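Shared between the two complexes below is subunit A, which has subunit B as its partner in the first and subunit C in the second.
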Partner chain A sequence: MVSGLHPRRLNEALAAMADPGVIALAGGTDLMVGETETERRFLYLHNVREMRGLRETPDHLVVGAATTFTEVLESPLAPPLLKEAVSGVASPAVRNAGTVGGNVANGSPKADSALVLMVVDAVLLIASARGERLLPVADFYLGGKKVDLASDELIVEIRLPKSRLAPHYYCKVGGRRALAISRLSFAGLFRQERGRIRHLAAAFGAVTDVIFRDRCLESMLVGLEIPEAKKLRQDFLAAYGAALVPTSGRVSKEYRRSVALNLLGDFLTVFGV
Partner chain B sequence: MAPHPISEPVVKKDHDLKMSGRALYAADHYPEGLLFAAALRSPHARARILKVTPPELPPGHIYADHRDIPGPNEIPIVNCDTPVLAVDAVQYVGEPILVMAGPDERAVRKLLSRVRVDYEVLEPELDVKTAGTTYCDYNFGRGDVDKAMAEADKTYDEEFETFYQEQAYIEPQGLVVRWEEGKIIARGSMQCPYYVHEALVHAFALPEDKVRVVQDVTGGGFGGKEDFPSNLACLAALCAMKAGGRPVGLFLGRAEDMECSTKRHPSVSRYRAAVKNGRLTALDIDVVFNAGAYTTLTGVVLLRGVASCVGVYKVDNLRVRGRGVKTNTVPCGAYRGFGAPQTVFAVEMFMGHIAGDLGLDPLDFKIAHLAAQGDLTSTSGRYHHPVPLPAMIEDAVKNSGYREKRELCKRQDGRLRRGVGLSLWFHGAGFAGTGERDFIKARVRLVKSADGRVEALASNTDIGQGLKTTFAKIVAHELGIPLDRVTACSPDTDRCPNSGPTVASRSIMTVGELFRRAAVKLREGWADGVEQVFEDDYVQPDYIIPYDYDRCRGDAYATYSWAACVVELEVDLLTGVHRVLGVWGCFDAGTPVDRTILTGQMEGGLLQGIGYSSMEQMKYDRAGRIRNKTFSDYLIPTAMDVPLIKVTLHVEKFPEGPYGAKGAGELPLPGVPAAYLSALEQAMGGIPVRHAPFSAEETLAAVMEAGK
Partner chain C sequence: MTYSPPPIVPAGMTPPAEPLMTPPAAPPAASPGPPAPLEFVLNGESAVYAGRGDARLLDVLRDVFRLTSVKCGCREGECGACAVIFNDRLVNSCLVPAGMVALGSVTTLEGFRETERFAVLDRAYARFSAVQCGFCIPGMVLASEALLRRNPRPSPAEIREGLSGNLCRCTGYNAIVEAVTLASKEGEGLW
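Our next item is the complex of A and B:
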């Protein structure tokens, strides 16, 4: 079970991924919970240099896919929203091993860091031996834990556009204060200039089979002055109420809907709408 | 009053072993030739078994069913209605039907999945209110309840409900059994070696000296390893009987353990009260416990439930009915508190609700009705010893700032709302009724070797509560010799006398006192350079009013331990999520035999009580199945959920306990839900709570409905 491949460079990792008998492991904190009796060999990604750490470009904050949650928490580059969400992941031991790329690739709508990537319109750099492509994270999720990632592809890095890193609102509802899978999570971004809403984004985790975001609804308030937005507040909340069709699971769908709308309303209140 | 020197903390006897990770638990021993056993369990809550077709048995594998049991197909747990293996019907999801063993656990499970069982599935009985079979029915009381109700200024009528609680010991159940020259040798994780011994003697029709049971290091019990290891031991022994001397291990995985082992009984309690001139004049109480499919411990669990159902209050007119009802669900059993948490929750919430209706603070109303020394207990026994609650209440109130906070929380707004709640309770210390004298007849033995070392032999197990340390402390203290010269052994029925089960918070109070008295004999008869043996046997104190089991009348317990607890919490009105801000507990378990150990017990029990109030949600579905059987679905508090816990110890010495010690282990849990959920009621702006646990989801629904 501990046998596997330990590449140090991306090209080695991608070459290995061409073999369908190889399965990528970036932390393994989700993978190891499932069936561990597998004939496939694990490709350990934690030493792949191109996939590690945080760096800045003029327009983006770039997070290597194999960067652990603990590294995000300790990085001066990581934005406060990402740190806040990541600090609520499981427990210190899991945060030491688990990675942002793994959190995304797992495809779960409950993934704490993926919620942040959704709300900031992050873009994934996906590569294989055949080449590479850029994909908005929203397009990565195909529903029902299916993701747009071919069997030979790896998520190499995640690019967070700096222009989207606005003042935020965040709340995770778990069954307890640690080691708790999200029952609902919410992240909102809000920026205004001289009383006019310039940017608004709202993402809901663990509410449907993919992280929920609706740019059309968001645009209802964008461009408006605060007093105008206030007048539309009830319509805005009602529109989300109609659009959100939660799934039930550890909690009921009614609870998920109530909490989602309560938090969305509070998000507006906090930012003066 | 100066603290007793025995209370001075020491390093636990098993500290190094456990902290270094070297302690070996049941599944850590891999004896030569070990075979793994696993049971085929019923997927149906109620069905007739029409036909069982096993697959062809590969070489080296063992198959056993009820026809292989040499003695009666019964597990003696108070009664004998629990079969070792199902014969022609199954009564709950998880009931064992047959057992198989082999050298590879995975292969055995695969083999089990190939057994074909034809069932005729029947409609299960799942609702205690309509179920047809009552296993026990207690009726007792005093005074004239009907007259008090007729003459009341006001009467009250409420129903309270509680659900399962899973013991969630960190080590799942497991044993290793082998046959050696016609003798069964069983060792594993357990609380009560002589219960396992009795079960094996019974089901295998063996003389007592042909069964040996040894306790391994046990990773927690909390009641869950009281009776259930007897079931597993019989299954493993059946395979071992056919294994030609090879040892057979039966280790439950977490999901199997959570599905088919015992839990705290769900309950429904209807409480009615009469109040005249601001005073409680009568209580009319009807308690129903969901027993599950077999009687197991329900009779005694319910006895403690009804013995605790009046709480710490004095009431002249009382009528109590308590029933244990059969459903087609997993048999319930023992869990820290043993029936008391259900009724203490009900009576404490009820008293609070009456006080609120009368415009009084719950604490003032409770104080006005406190029982005192000499008053009648619910079963019309007596509180023979002082009731120290007034001083303990003062302590808990002062430490927590209860009154100021209660006042402050009356006026608040915003997203986060706070509340503070208080509860009072007792724990009847030791075995119920005259059980110690009539059934248990505990005996201990001290063996002094020629070099002056002393071994303390009893059947009580250290399951994390520190018994190896506290027994040794008592003996060393009485002998006036260093603690490292005294050892308390891990029970082995071949060597240790039967000092009774490790239950009912009796080990220190009852067995510890026997050790103290045996140590007095040894001290007085001490002779250097020779081996000496001294024993002591239980004698019932003279003051006891004999308990009449048929009429439920007399002293249910020899004495009582006491508790006062305050919980402060915060509720998020947008999500319903609770956050506990602080817990203050004042406990009287008599003289602490070790202050650190006792405080640790109190803190751990408080935390289990917090879980039972909130996040520990477990119910069965309409098919009688428990769905959440992993630790990611059944949540218990983590280190991050531990609030500020402040424990203070009050000492009301018990003259019959060692140095004044009395029952401790179960004391901290029973009243926590009432304190917690009273605090929640206040945080929710006065919405009444009538069931436990109470989830974040229910909290949000309640506050949204009330439009807070």
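Our next item is the complex of A and C:
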């Protein structure tokens, strides 16, 4: 069919995905780059009701996978960290088409909204005609550009635990203001209660082949009082320096490692460590 | 291998004089019989397209519908020369598969030109000589329209952000920002 498949409901979309020749397309901003010889049959997700928009449950902020970046920016429900990251994506026209689900599904370590999902420990609802499953976003990335998604599966929604939406630090280093794919990006969360660090999370984009997070290193500072954490600051940075082994890319490895550590250091400074 | 039925040409447009560009490859054997044509609204008129569903909307608008205000600068979403309004949002038509617009609505500069808002933008762009070679201008004007629809009184910084996906090699942008600022004042109440 020339027009491709235009399901309006999730069950129709999932039934159509059972055909291995069908390719899910949300915004097309990744899929339409480059030329293809043979015709591709697209299943368009932009009208699937269950995959659109943001909503709240008692514990989660739920983002439909086919929600565009612009819709995130316009939503009063979207957390500031997500808005900040999304506002740095490309340009208005790309944000009007590109979606959060597509950003995760492409498996790129440079994906700006995926960085946020990683740092807040988001969970993906993945479904097929065979059933559905919940998967922490960290487990979705299998390394390289490989992701844990069968050919008949769709990401339906992304659940951000509200308890994780702590005060944040975010920085994207690009070549220029607009239309810059991240050379490196960093998102950190920091919550303290009565001078004691209760939660700390740090995620690095575009350094390693998947978005980098190391819970073990994060825990070095959790539970400590700020002065104790300050004493460990240099060790903490050194441990990240050892753990962050940049992949080769267009921008030199040494540059990326040192910028990553500078951002981590700045993150700690901003929160008084 | 033919596009059938012939495209509906929006009112006021001259129908294609030359033969259409060689259509892309035939549909895969998997789809039985002739493919169902795709219907959508193009510049306010109903339109039908029966070529490859994964063709770029950019190519379909230019080569099938002869809407040559839609320019091709990069084919990868970087320049904004191919920008059109799809369902009330600015998109780069090089990244939109034709099949995506089924039952939706697409506006190119040819359609937007008929509006009073265009007349205001046209005068403002001319007033600041914001057009030089003109290649970026259709996309730039539609991006201005898309911006003003959502934010009728943008600050210069908001204008720069709103037009940040549209590259211009000639003007240096300042004249364009001034033009949009003027249009937002002169067009009071239109957006």
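Quick note on the criterion: the second predicted complex is superposed on the first by the 265 of 273 C-alpha atoms of A that agree within 3 Å, B and C clash if a C-alpha of one lies under 4 Å from a C-alpha of the other, contacts with A are read in each partner's own complex, and residues count from 1 in each chain.
Quick note on the criterion: a residue touches a chain if its C-beta (ideal position, glycine included) is under 8 Å from a C-beta of that chain, and two chains touch if they have at least 3 such contacts.
Note that the coordinates shown come from a computational prediction; the quantities given were computed from them, not determined experimentally.
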Problem - First, second, both or neither for A:Arg250, with subunit B first and subunit C second - result: first
Completion exercise
Larger residue footprint on subunit A, choosing between subunit B and subunit C, goes to C
Practice task
For A:Lys83, decide between first (touching subunit B), second (touching subunit C), both and neither.
Solution key: neither
Exercise for the section: Please indicate which partner A:Leu263 is in contact with in the superposed arrangement: first for subunit B, second for subunit C, both, or neither. Expected result: first
Exercise for the section: Determine, under the contact definition given at the top, whether A:Cys171 touches first (subunit B), second (subunit C), both, or neither. Expected result: first
Practice task
Scan A:Leu25 for contacts with subunit B and subunit C and give back first, second, both or neither.
Solution key: second
Exercise for the section: Applying the touch criterion given at the start, work out whether A:Lys230 contacts subunit B, subunit C, both or neither, answering first, second, both or neither. Expected result: neither
Exercise for the section: Enumerate the residues of subunit A that count as touching subunit B in its complex and touching subunit C in the other. Expected result: 91, 177-179
Completion exercise
In the complex, the residues of subunit B that touch subunit A are 415, 573-577, 579, 615, 632-633, 635, 637-641, 696-697, 700-701, 704
Fill in the blank from the handout: Per the touch rule, the subunit C residues reaching subunit A in their complex are 24-25, 27-28, 30-31, 35-38, 49-54, 56, 76-78, 80, 83, 89-92, 94-100, 102-103, 143, 146-147, 161-162, 164-166
Exercise for the section: Going by the contact rule at the top, pick out the subunit A residues touching subunit C in the complex. Expected result: 1-4, 6, 21, 25, 27-29, 32-34, 36-42, 44, 46, 70, 90-94, 96-97, 177-179
Completion exercise
Interface with subunit B, subunit A side, in the complex: residues 91, 171, 173, 175-181, 184, 250-252, 254-255, 258-259, 262-263, 266
